[in-house]
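Once you've had a glance at the structure underneath, I'll fire off some questions.
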């Protein structure tokens, strides 16, 4: 299937989705005011842009998101890889990790406030946290699954030291799994942006909550669509890069 | 490293963690009342058990969790696999998925209320949702990564039809990746329990929010530890099962 | 401090109508005139804000009185220095339940509703121990004298109650301005079942509190701020239209019209009172009731949480 | 006798734009014949076999396989050049792969798998994981897997490539016996000319770039002696002449 | 001459509890010798090579490798029985694997990799992915990779197993030339007795369960003729006698 066909299929999918949504919104199945129709979004968009709010919120959230994502991804991959590589370290941390893992972002908020104040840093911290876990587990399992034969090959050819083994065998071998974690984190990060902006840090999430509190659902939907687009574009780009990076896979 | 050593290393890790926590709590670095020391947990535990609240909340949350996890995992693996297998379907849904993926649990709550009312079902739905995404992406990438040579092998030996190919080649081949998604979902599910119980469905999350509203942080921490233990045990058991299932990996 | 070197104060608020005086103080530049640089920080709920306050991240807070009192029992040194609004919480209902209840609710209307629909009415409120829960129970069990077995109370987050009410998952809910007005505008099925005064006379609402440390360090600035707060409360009473325009910049900019806010200011759910003295007995009464119904264990000393100096000085002049 | 494999002007390539690997292959294999395919490394022997097995589509030309439908058998059995075992199945389960989906009982399946393992001298290894095998053992599991389905057409891609002389001789003898007794059609890729002359009754030489059939000889050189050695030598020269990869 | 590989009463096994695969292997290989290791499939040839390469620990006994430290070279080069290429590296990058970390420039690295590829007749395939190669081509990349590091000790596990007669002859000649010119020590596992007699000056036969060294013969049978055939025949009988797997 070539790119053209696949793009038009995607467009078809989106159009079908929007039509279905519009139909549901107009049918009155859903109480008025809870689900605006997608055709209400452009008007809301223009209004928010004119007020200058949209741009400000997008920039703010993007910066929380970028910092959190970068930090969470890096640390998640690093710790996940470390745990998968050293059994002693793995055993030492495994139960501590089990205790920290299920703590929801909301429960971390007090700590974020204590450590970072009510600041951008706190929001990035919360985003980093969720992204961290996803990457931690994805990397852990990917590194564990690297073909032992290839590691042996590395040893045979002088690449058995930690650094060359890591960068020439283990990380490339685990790359498909690690990238799948990265991709999952890409989305999970956006899902957390809203929770991370619940406490006074401005951005899309805060604006959404504000609008939702005042039942201005068309604005809520506008920002949901905004998030969807931002994510969609980044995920699309990620997939393009991934296809390049993994071109050695058939 | 044998099981004994590994268990005692884990115990060491947990003890070090608890000691560090106790030290921080006592040092006064963190404002009093925001971080109770772990030694406050047993008292809180006894009190809650005597009131009968603890048991009730644990059972309630476990049931939301189990239903949500099962549903989300099953659907996530199914849809992720389907998208990875059929290019046409993949292209059709890819952008719709991109639009739905970043929508946070909190934003789904109105829909959960509309569809399920203020009911257990709504909580399970929200948990299923987060778990769904993680499994969707993990399965998608795992299925994509299955060795094409083995699929060819299946064709050569009459296992090229959809069902045998799926169950004899693709799913076993993708199993390590799928299981890694399952495991990530296991934790993400608990992270969502709290958010899912924000709107009137009783369980650990609700009790935590209640306590947090009254700044009864020792109760909050008790339930956090409860969640940690529940998750820890399930993750531990999962790892045991996984080690069995993947014993063909060196 | 010199005029060129303004006192920096960080103030937290919950985005509700009762925080309006703060918005006016900031919007009119009254704080700046007094040599104070304000930084406003929004919080979704009182507890989160209190946590930030306890961590020393914010200096003052516009929020419910309950979290402040609770924080004090946890050793956080904060004090109430002025009041902002009272009788905020109202009960809004919808559909068949609202119709059945009418203007004169009696215990029998609840029983009849059950008989007609086969289910108990669901009323959304916040968790036990919170002000909304306590005053709702007061209204139900003390004022109307409903049999607790005839009604189902659903505790949830503030914002979720509105959504659930609109979605028809609840028959009634405790909400406060400006969402009372907004909800009614959005769905004509939603009607006001009880005002704050009917639920619990003088029910405590939003207060202005500050960290004790800040009170000690910048008494002059705080004094000026309380004065500005009084001025703002006056403005709301005198000119709700002008007030609503200013407030709209902070609350629901682009999400609702100043008209809506003005309607909210004039509505029955809005009663701005700056004097904190009256709050003390009301809180004590409410806590007495909370203890009676078992949603609070002990009674917290209320009076010592209040620091009347600034208000008294402000009105004396 | 009837042709069971019919290739007609077939050309084969990888990808859509790359030059073809094999061109203009016209070949008709009669039922019950034992055909060896030889040629330099990378000429396209495995590729040809995969096209015959239906695993790869020819770019042009016609590929016809006349399959008998016998119950409880698969028409075609394939031995891959790499052993290609499913790592998550123990040896005996790997051997049963082709038997699954056939209308036979589980006990029968197990019996046939064990018989096939006995054939390749791996009776004791049924419960091992693939990673616990040596290279030659893995290859023999691959042979057993193809044998277990008792196919009419047996496609073997260097099946004895990793085996020592004795094991190899044993298996060659077994293969000859099976061919004689069951009349299977065998297509046998080998890099070993002695083996080709030793086993096959027809030898096809691939060569050139892109590759084509450069020689197609009937082989009745016997199993030993001077004629045998002559035949091997003749083939060696033939390949050397068309050796271009 | 000095021994470069010294095995002293070595026994080797997999896991902790399984019976050993090889026992009581005492072996001393002199610098510059060309030793062939033969034996039935699964006897432990690959295992022995992996122990010598330091990839697997012996259970008991002493393993000493006397390595010269020459700059820009690795002391040991290993050709695996499976090609074992890194799937995420193109051919030329795979060949460079062993050169990385050595104190040579990138240009030198490339040049040496390209030379090694030329040696195995794969000059045109440098920019291919491993999955785009035929079985024999893959094996040759593995050989090139070991050759590129220019090791003193070359361990080869059935390196020519998947190659056609001509390519194989070419590479055998190259290997002999390299051995003659550089004086490398070569340990060469093969299943092909002719090849062993043809190439090596010493042949070690492994056999039995658990396996041990059953024969260790000096081979001066020449490259051809009657003596050559005698030697092959003698070895064949030897292996058959000790054939128990």
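By letter and in written order, the chains are A, B, C, D and E; residue numbering begins at 1 in each of them.
The rule is simple: contacts are C-beta pairs under 8 Å (C-beta built on N, C-alpha and C of every residue); 3 or more make two chains touch, one makes a residue touch a chain.
A quick map from chain label to UniProt name: A, B = ABC transporter permease; D, E = ABC transporter ATP-binding protein.
It should be emphasised that the depicted structure is a prediction, and the values quoted were computed from it without experimental measurement.
Q: Figure out the least number of contact steps between chain C and chain E, where 1 means they touch directly.
A: Between chain C and chain E, the shortest chain-hopping route counts 2.
Q: Which chains are shared contacts of chain A and chain E?
A: none
Q: For chain D, which other chain has the most distant CA centre?
A: So the chain farthest away from chain D turns out to be C.
Q: By number of C-beta pairs in contact, which two chains lead?
A: Of all chain pairs, the one joined by the most C-beta contacts is A-B.
Q: What is the distance in Å between the mean C-alpha positions of chain D and chain E?
A: The separation of the two C-alpha centroids amounts to 27 Å.
Q: Give, as an integer number of Å, the spacing between the C-alpha centres of chain B and chain A.
A: One centre to the other, that is 16 Å.
Q: Calculate how many whole Å lie between the centre of chain C and the centre of chain D, each centre taken as the average of the chain's C-alpha atoms.
A: Here chain C and chain D have centroids separated by 83 Å.
Q: Which integer distance in Å separates the CA centroid of chain B from that of chain D?
A: Distance between chain centres: 49 Å.
Q: By the touch rule stated above, which residues of chain C touch at least two different other chains?
A: If we look for residues of chain C contacting two or more partner chains, we find 51, 55, 163, 167.
Q: Please output the residue numbers of chain A that touch at least 2 other chains, ranges allowed.
A: 31, 34, 110, 114, 209, 212, 249-250, in rising order.
Q: What are the residue numbers in chain E that touch two or more other chains?
A: Within chain E, the residues that touch at least two other chains are 82.
Q: Output every touching chain pair, sorted by label.
A: Pairwise, the chains that meet the contact rule are A-B, A-C, A-E, B-C, B-D, D-E.
Q: Which positions of chain E touch chain A when the two form their complex?
A: On the chain E side, the touching residues are 50, 53-55, 74, 76, 78, 80, 82, 84, 86-89, 97-98, 100-102, 129-131, 145, 149.
Q: How about chain D: which of its residues touch chain E in the complex?
A: Chain D residues touching chain E: 14, 38-42, 44-47, 81-82, 121, 132-137, 140, 157-158, 161-168, 191-193, 236, 239-240, 243, 245.
Q: Looking at the complex, which residues from chain A come into contact with chain C?
A: 31-34, 47-48, 51, 53, 109-110, 113-114, 117-118, 198-200, 202, 206, 209-216, 219
Q: Mind pulling up the chain A residues that touch chain B in the complex?
A: Going through chain A, the ones touching chain B are 1, 5-7, 9-14, 16-17, 30-31, 34-35, 87-88, 91-96, 98-107, 110, 114, 130, 133-134, 137-138, 140-142, 144-145, 148, 176-177, 179-180, 183-184, 187-188, 190-195, 205, 208-209, 212, 220, 224-225, 227-232, 235-236, 249-250.
Q: Provide the residue numbers of chain B that touch chain D in the complex, in ascending order.
A: 149-150, 152-159, 161, 164, 168-169, 172-173, 175, 247-250
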